[in-house]
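Every chain is named by a letter (A, B, C and D) in the order it is written, and numbering of its residues begins at 1.
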Amino acid sequence: MISAELQAMGHALFLSLVAGTPLLMAAACCTPMKKTVVHFLPLAAVPALVVAMTAPVGLVAEIGWFFMGGRMGLDEIGRIFLCLSGFIWLLASFSSRSMLKHNRNQTQYLFFFLTSMCGNFGLILARGLLGYYLFFALMSFAAYGLIIQKGTEKARKAGRIYLVLVMIGEVALFTALIILVYSTGSLAIDDIAGAVHQPLVFALLFIGFGVKIGALPLHGWMVPAYQEAPIPAAAALAGAMVNAGILGWLRFLPLGLTSYPQGGLFFIAAGALAAVYGVITGLYHKQAGAVLGCSSISQMGLITVIFGLGLVDHEAGLHATPVLILYVVHHSLTKSSLFFGYDLAASRGRILSHLQVSAILLPALALAGLPLTGGAIAKSAFKQLTVTLGEPWYGLSTFFLPITAMGTTMLMLHFICLLRDTEKRGNSERAGSGIIFTVSFIATAITLWLWPAAGFFVSNSLSWTKFWQALWPVAGGCLLFLAWRRFFIREKQTLDDVKKQTIFDIVLFRFGNLLQEKEWQTTQQGRFISYLSGFVPQLRRSEKIMGRWKVVGLSYLLLCLCMLFLLLRL
Amino acid sequence: MNWGQWLLVSILLSSFIPGIIIFGLPEEKHRLRTVLNICGSIAKIALVLIMDIGVYFGHIFEIRLSIIPGVELLLNGDPLSALFATLSSVLWLLTTVYAVGYLEGSPNRSHFFGYFSLCVTVTIGIALAGNLVTFLLFYEMLTLTTYPLVIHRGTEKSQRAGGNYLIYAFSGGAAFLFAVVSLQTIVGPVDFSAAGFPSSFIESHGAALILIFILLIIGVGVKAALVPLHGWLPQAMVAPAPVSALLHAVAVVKAGAFGIIRIVLDVYGPQNLLLLGVLPLLGGVASITILYGSIRALQQDDLKRRLAFSTISQVSYIALGMSLADQPLAVIGGLVHLVHQGLMKITLFFCAGNLAETLGIHRISEMNGVARRMPFTMAAFSVGALGMIGIPPTVGFVSKWYLGLGGLAAGNWWVVAVLAVSSLLNACYFLPILTRAWFGKQQEPWPEEQYIGRFETRLMLLVPPLITAFIVIAAGVVANAQVSPLAWVRFIVRGYTL
Amino acid sequence: MITTLIYSLTGLILFGMGFFTLIIHSHPLRKILAVNVMSTGVFLILVATAYIPLGEGEIDPVPHAMVLTGIVVSVSVTALALILACRIQETSNSSLPGRKQQGEVPEESIR
Amino acid sequence: MTVFQFSSPAWMVCPVILPLIAGLLCFLFSHRTFAIALAAALTNLLVVCLLTGQLLVFGPMRCHMGGWQPPLGITLRTDGPALLMLLMTAVTGLAITLYARGYFSYRISDPRRAGRHQRQQRYFWPLWMLLLAGLNGLFLSNDVFNVYVTLELIGISAASLAALSGKPASLLASFRYLLVSLLGSLTYLFGIVFLYRSNGVLDLGLLQNLAANGLGIRTALVLMSVGLLLKTALFPLHFWLPPAHANALAPVSAILSALVVKGSFYMLFRFWFEIFPSTITQPTLNFMGTLGAVAVLWGAVQAIRQHRLKLMVAYSTVSQLGYLFIAFPLARVDGGIPVWSIVIFIALAHACAKSAMFMAAGTVFLHLGHDRIKDLSGVRASLPITVFAYGIAGVSLMGLPPSGGFVGKWLLLTASLGSSQWWWALVVITGSLLASIYVFRVMSRLFVIPEGFSLKKSEPHFRLLEWPALALALISLFLGLAASWPLHILVHGTTTLAQVFVGGLP
């Protein structure tokens, strides 16, 4: 009995360590121990990786007192996400450590870095609805501190757009969750997922998590944020934190449980639009981080499409989940390695060797689906999914996938070109950025090949037709890019999202100024008082009149008569 | 008298006697005065805790004093009063510490602390009041004891604000008195009880009872600053920061909100109100207040004024919860917000006071980068502000969560909509402050900077907001534990058959 | 009977005349006299009352006692009123408009 | 000696005789005036307490003066209301006596006009003692004509007291006061004539038993009532009160406002509800109530517009007296609260609060040399107790709980709402609101210590100026909490009255 309790406590401790370590370190960096924290920064992500590797699946710990019923646990999906996030955060913290050696605003960056990490790990482990919301909010708000880190006007504007959208997302999420809890009467995630029936909840969840992944109408923050955030933070954002949105959908939407055709169609439409939109806007950006942001919008659009396909049909839903996860893993690793490559370029300036450029080219084209890369595997899995769905989805995908692949190829080539032109940032070369990139490069290259769960899709993609199907869009994209660069590009055609004000920004932040402060109260009171004071002379005069003896005598007599009359009336 | 009755009396006396002594103390003896104050407040907390434990185990605390037939003073320790009494006494201790630090070196402190103590005595009296007459008694006395605090600065502006406060408060008190007497003539003397009065009266006096309910709500709504009865609150901001903290978090506004709770739950009873059909009215007023307060807060540049409008908005959450009185979850949300709002708002006011006292900052536009100068203060402020928005794991989220659930349970979708919009608006007026303070760049020197103390400001000014900020988070994190505001509120709600 | 009536009526008329003078005339002395006339009127009626109840030749002593008391009261009151009137006369002669004491009401006339 | 036994009704002569003797002694021994007056006031209080004990033990009592039975002799009697009024007079009187001592000492300590102030003091004490005797006599008498005599006694001494300050304004005001009081008593006497003509009886007890309903009685009632109304200063006959009360010396103002107007009201109330209840019709009561309501509002509005503290307090008296009349139409509420308790509560609370307020105003006046409301700032620094007393008295006037004023207003409200005459309740509440405005208009000045204000160090300090006011204010405040005591006395002493009110009216 006691040992069971002890074991439960041990589990709880074990799991809380994942999110607890970054949090404790965040607390420590507000104290004079800051230097030590910087030194041991990568340690923050280690417990997550350890737990992800060692903990048995199905491990659940209840912490009843914690925030209206805390419940943590690790399931299969959670393990994959934790592993992935842990890895990316680990790399990001190594990268941050080298960056921080030359930075003055250490505390701020460290604090927000570690708290976002805590939020990210926590939400993966959360098995309770409120826990998920708590860590999601923690992560979202802490990321604001990362985006705004540079402190420039642009960075602040980016942060503000982000904050507005996050706030909208939070509120939507809150509303959705409260409705879910009300309709199911349970706070556990497992009970919730099947319960989304109302379109309202569906829409709210789409907004709530869609903000995080930059789904189409809510994408406004992504490009400026990636552009302005320090590169390690941007890597964490793009590689790890974005996935929280996907995980949220996976946890809360009934993927594979029930079909929800209307919702699915909506997802597909939004996702497809985002996929195209990201590519097109990305080509007009002049900054590598922004291009990567656009690519994220586009890639997340594809993931949204997969999700939508899963929602359309119950049967497809079962197949969609592994595809989705596969795609997420692929995208995260690739995107983070691109960011680390960008970091490498930024720390070296123009003097990238050809080897390095081609090394960066590999993940870039993997994103586009170059054969034998994770991208090709993921795309073939995507196609496989449409096959199970049948027409019209299969036909559409044969049309749609190559287009996005070509687009992504162009975008990535654009990125590489920009990278070559990148000015050197910082005053000295940062140690280790090469190593970090190498590690992430290797991870990108081999993960899907070595990952047993992906084996089916890997073998599936290894056929000549598949090879050809994957290759021609990439090649076409390269040609198109060359043509585009030759004929279309002009200096002025750039987009700077930071300078644009989103509609939300206008509505919410300028709201107060639109309504001019009117001191109507004081004026009203003033009017009332002056109105009253008009009576004062009259009051004085009437009081004086009442004091005259004649009036007194008259009223005296009148009083007598009145009373007499009243008394005698009966 | 048994020990329970002595306990009630000594709870009241533990601040009353220090208050009276302080009035008599010469101005110079500030050390003795501080010791008296602190001892009194610690003693009060201890006594209130004893009462809490007693209440939890079902001991009945009750003192009756018959004045004239039909008028009876009744002090009563039930779970609800224990909630409010505990909140007030704990926050009183912190506010006292803060006030000692804040007013260091300023004139007329005897006067100030004397009324300060009386004010808390009266607030505890409101908490312990067991029937409407007793409530009325302390409610009116609250106006009187807070008035000298509001006009403490003695400027023309503060006098005008004080006058306005009085006009509002007394008008409300008059409406309340009228309603209380009317109610008594219809249903007889009403003690606060879970059932309310017998529902047989509703058939015979329905219209009158509705009218009385409206009058009662107007009476307490003035202090709770329901729109359109809120005009005094932003003006009362001229008072010193501890007073604002007291007004907003401990005493006045809270007393009004507590009055709404008492009227809805204990005087009328949810069932009667459902029969009368007046709850939607309260809900409507509360919702309008919530939104109106937030929108007005957006327009303010003066920090304390913004906080004041935020209070108007936030306190109406309690009224909103009460307007769904037949839903236990909403009632939990409303009740627990009584505590939570107090904690958050007092933190914010402490911090605003610190900024004003240390750096002379009164306007939000002057706050650029202030967090680098006063990181601890702004950290506490941020916690309070995030709580107001309802970010987990702060207590603000807990209240909103329960309110929303209750609204849904009642089938009122608009409640959730109001909560959502209000959260957004809260974010709109709090987040810019935070971003300014933390990430803004200081452009000009602080208006009146003083270097006081070893830390960023005096220790006595720094510790109270840090403590309350800690509680704001801690009480949210441990909301589900055995001992937490939420747990106690659940215990209260268990006593009602909703 | 007739006598009583005449006395009573006279008393009534006196009372009315006194009242009229009191409220119409502003001079202090006239007012004092008016009050005296009024009281005389009342006394007259009282005395007349004493004649009625107890039949022929006998009179009721109680009204007489009342009248006597009333006269005493009236005399003393008149004395007081006269003194006050004198003092008012003195002060209003001696005090110039500019010499008003601090904090006094603007003078209100007796009228 | 049986006379000095506890049960002897002869004790009730003392409250009349003692102050009378004291007044004479004061006149004779002009050096020991305060000691004599204090002794009289104290003994008076003691005797009244003794009478109260008597009442609680034996019930209402009568004392036939000189052994003559009612039709001829004069009777004194004690019952609940009379004793409460006596208690009120004794307690307030004692406080005023102490305050007057402080007041005159303070004034005499100013060397410039010491002679004049000494003269004022010399005349104050005997007059005050006479007034006290008159008031006690009024409350105790059971004879219509005796009431006239005491009314005249009160009128003369009150007018002389009001003239005491010797300033032109106060002389004018007191002259008018004297004329008004004469007009009132003459009308009253005129009423007595009618009364005696139709009944041939002057004893109140006998009149009550007759319960005749003729034209003569009605005319008599009207004349007596109007005379008393004039003395009570009910709107629209209040014109004389504010100048007389405001221009008198502070202790005199307190006496006039707190006690003297109550005397005539007390008699009026007795006539209407005890002696001739069967003659009164509901429209008449409503008429009185309406006048009272107008008085409440008018007085309050006038008080708000005043620029001088003492005038403001005086107008507040006009307003507060209105409440007493609002109780009239509520007297016939079936099974409700006896109307006596309403009236008594308002009267008691008002007496304590108003005298405290006038004392405070007087102290402020002495301290500053003026009482212009707008220049009162900073008084709190030097006179904290006085300001506190003013505040508490104000609370009672506003009718905030737990003051006696609150209980009075509560009873009024209960009666009016219980009988569905909610308009009276509205007036009462509006009146309280207006009261809060005029009280706090001053309060906000008194409470504020302006920036850079420094205390005048060399102020002489007289405790007797401050503490009596505070004591009275506190009494008025806690009267509400101890409301059951007066009610006990009232119920105990008015078994007969209770019968009348609960169902005896037509």
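For this structure, a couple of remarks:
Quick note on the criterion: a residue touches a chain if its C-beta (ideal position, glycine included) is under 8 Å from a C-beta of that chain, and two chains touch if they have at least 3 such contacts.
The structure presented is a predicted model; accordingly, all values stated were derived computationally and were not measured.
In summary, the chains found to touch both chain A and chain C are D. By number of C-beta pairs in contact, B-D leads when A-D and B-D are compared. Here B is the chain whose Cα centre lies closest to the centre of all protein Cα atoms. Annotation: 78 Å between the Cα-based centres of chain A and chain D.
Centroid to centroid, with C-alpha atoms defining each point, chain B and chain D lie 42 Å apart.
Centre-to-centre separation between chain B and chain C, using Cα means, comes to 65 Å. Centre-to-centre, using mean CA coordinates, chain A is 37 Å away from chain B. Looking at chain B, one finds that none of its residues touch two or more other chains. Shared interface positions of chain C, defined as residues touching 2 or more other chains, are 19, 22, 108, 110.
Those residues of chain D in touch with two or more other chains are numbered 183.
Checking each pair of chains for touch leaves A-B, A-C, A-D, B-D, C-D. Interface residues of chain D, counted against chain A in their complex, comprise 183, 215, 218-219, 221-223, 225-226, 229-230, 236-240, 279-281, 283-284, 287, 301-302, 305.
Those residues of chain D lying in contact with chain C across their complex are 72, 145, 148-149, 152, 155-156, 159-160, 163, 166-169, 171-176, 178-179, 182-183, 186, 189-190, 192-193, 196-197, 200, 202, 243, 246-247, 308, 311, 365, 369-372. Chain contact summary for the complex, chain D toward chain B: residues 337, 341, 377, 380, 384, 391, 395, 398, 400-402, 407, 409-411, 413-414, 417-418, 422, 425-426, 429-430, 432-433, 436-437, 440-441, 443-444, 447-451, 480-481, 483-484, 487. Those residues of chain C lying in contact with chain D across their complex are 15, 19, 22, 28, 31-32, 35, 38-39, 42, 45-46, 49, 52-53, 60, 62-63, 66, 69-70, 73, 76-77, 80-81, 84-85, 87-88, 91-92, 95, 101-105, 107-110. Of all residues in chain A, those touching chain D in their complex are 536, 539-540, 543, 546-547, 552, 555-556, 559-560, 562-564, 566-570.
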